[in-house]
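Each chain gets a letter, A, B and C, in the order it is written, and its residues are counted from 1.
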Amino acid sequence: MDAVRRYPVENIPIITLTTDFGNKDPLSAIMKGTIFSINPQAMIVDLTHEISKYNVREAALVIGMSYHEFPSRSIHIVVTDPGVGSSRRPILVAIEDYYFIGPDNGVFSMIYNENERCKVFHLTAEHYFRRDRSATFHGRDIFAPVAAWLSKGIASDNFGEEITDFMKLRFPSPSMPTRTALEGEVLYIDTFGNAITNIKAEDLKTLQAQKPDVSPRFMVKGKEIAFKQYYSQVEDRGLYALINSMNYLELFVYRGHASREFGITVGDPMGVLLT
Amino acid sequence: MDAVRRYPVENIPIITLTTDFGNKDPLSAIMKGTIFSINPQAMIVDLTHEISKYNVREAALVIGMSYHEFPSRSIHIVVTDPGVGSSRRPILVAIEDYYFIGPDNGVFSMIYNENERCKVFHLTAEHYFRRDRSATFHGRDIFAPVAAWLSKGIASDNFGEEITDFMKLRFPSPSMPTRTALEGEVLYIDTFGNAITNIKAEDLKTLQAQKPDVSPRFMVKGKEIAFKQYYSQVEDRGLYALINSMNYLELFVYRGHASREFGITVGDPMGVLLT
Amino acid sequence: MDAVRRYPVENIPIITLTTDFGNKDPLSAIMKGTIFSINPQAMIVDLTHEISKYNVREAALVIGMSYHEFPSRSIHIVVTDPGVGSSRRPILVAIEDYYFIGPDNGVFSMIYNENERCKVFHLTAEHYFRRDRSATFHGRDIFAPVAAWLSKGIASDNFGEEITDFMKLRFPSPSMPTRTALEGEVLYIDTFGNAITNIKAEDLKTLQAQKPDVSPRFMVKGKEIAFKQYYSQVEDRGLYALINSMNYLELFVYRGHASREFGITVGDPMGVLLT
């Protein structure tokens, strides 16, 4: 297609893949084959293929915590898609610096929350899809080809009509039941067993501003835990809190596994008190 | 080597890797290092490194179901090779659009089955191999270097003599014991627990042509199961069948794991009846 | 930065990643995003992300056994870093053909052992780091950006002062308690259950030279085992020894799992006798 503008190699957008396909089956490789068939110069990065099966919320969190760490104009494909083949729509989300491609099942909810100006397109331009389309693998048939064409410079609005009734999952925000209390919950257990909560560094600052002289107390499961700056600042195997590299309040056990050792799971409440 | 023709970047063939090395040990990375040492512009895609250990049949299936999803001229390396170092031959298989490199242990049987014109070369041109060769890691010592040289434009017949007595594993084909019955079996359990059978969409069409007015009945383990178009077309956790994205008849549980929940394993029979 | 010398594509050094991050969380992908943000032409290879959590010795072994299999000038990032955020220093190690970037916690001990001329730099040039730096993820904040700038041609000594008091872990060397006995131990269990010892092919040659006419006897857990050239040279499921592709003496079970089937673990002694 001569009409397509080709970027010089170094300007080719990165395409990332986030799926629940695991690493055994060749599904993500087949998506890559599809992308390279359309754009041989594509740059593809696996974000993860180990999203818990069918867990749209987890996929939404993982892409929400990661997308901004990639170069501007990166294209993020997310496929956790139990509704594939049904009437759920395939979509393209465009924000100022990034693109997202996947099913309209709420998997981009954190993107919508964090970016006031989202353009969401219902992918309908079938000439950009795979010729033979299945009802079970839109990662290969729709999302990968659209990402590949987008990476070659096709503009977003060529892929379908803009929509506004896209699906949004509610993610719990921390609340302040009183002026001096912040209540949040655990969002994600990471590979080290750290429990990442939905309380961000800014939330702590807002709370602290209420009583600048009082040290905040961190409460988990009815017990107070100490706040640290980094993991190896402690020597025992107790439960501690810190602000992690993504600016979330996180519970950890140094050289341990907070989730297993203290029975912490997604949804557990986390409190911060100024008393 | 100035005599080697260099492709412009976008024409460099993709090299894929399919192994039973797992993702912990640095074995596949070492193969990549070897390839990049010979062809710094190589494009390498991991197809999978989680083939069940020593399971040549499974590797044969996975490459057989995937190879055609890559750009023309892609080079597929497959290393499930318990016989490495013995007299089993290292081979290069060339079909019209693809190349395959690996041991002559049957791992390319599905390629032979599906492609009438296969050229198979016994890899003997040692000047294309690693200088120091081990008897335990031909992925690094023979397959990766040959793939790298092939990706630089060296023609297939430079790597060794053509052979015709290559090894072929028998894969069970579906049979029609009567005009109105099709008998197949489960070939592979995928990451979602779906059971992929050896019955293809064409087989169903052939059967259906016998009695166009009768709806086929799908029988597994003595029970009849319903046929669907896509996964979320059902709401319960029953066992259903559909034609998957690779055109195979597949058994599934929506948001579940058919293999675990219904005790289905590789080799289990699957029947389709027109009665 | 126009002042930075750009390599032609094929000369861009490879950057490899070795971490204990696992393959689920997006941590290694975020490091890649960081690298591509600085050097869009970077070539990145995952060496492994499945180092046992916090296991600096294992990471040291894996990188020590692999680094030389990559093209000259490759940059190896290793992040097994429980001390991140503390006073442990981030370092860059330069040897004749390779670079290494990671924490000064002993993870490069095998590099120091094998290379007499190592230059080790304490990474302090903050203008090459991520602008917002966390105390918990130096892989993203320091190691990835430094690797990216290095891959663009910035010279090693721009990143900080050379140091000589870097940390070195002691790895057990095989010993010769008598002229005719060699004592080593198991260093690593690989994905096939093979037990890789610290006895190298050269060590066996040195021993053999003492009594050229006597066949060496290989002793594990009080039993003698036979020496083979390659795995499929045996047909039973016994325990055997061979020299593996990295020139280490290795214990194996053909089509089996030596570690599980014979209870062999890291640290187990291995003897070779000329009697």
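Everything below uses one rule, namely that a residue touches a chain if its C-beta (ideal position, glycine included) is under 8 Å from a C-beta of that chain, and two chains touch if they have at least 3 such contacts.
Owing to the predicted nature of the structure, the values given are computational and were not obtained by experimental measurement.
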Practice task
Based on which chains touch which, give the shortest step count from subunit A to subunit C.
Solution key: 1
Problem - Residue-number overlap at the subunit A/subunit B interface, same or different (half cut) - result: different
Handout entry: Where subunit A and subunit B are represented by their mean Cα positions, the distance between them in whole Å
Key = 32
Fill in the blank from the handout: Among all residues of subunit A, those touching at least two other chains are 9, 23
Problem - Complex contacts: residues of subunit C adjacent to subunit A - result: 9, 21-27, 29-30, 32-34, 36-37, 40-41, 53-54, 82-86, 88, 134-137, 140-141
Handout entry: Footprint of subunit A on subunit B - complex, ascending
Key = 9-12, 14, 16, 18, 23, 43, 45-51, 62, 65-66, 69-71, 74, 190-192, 229-233, 242-245, 254-255
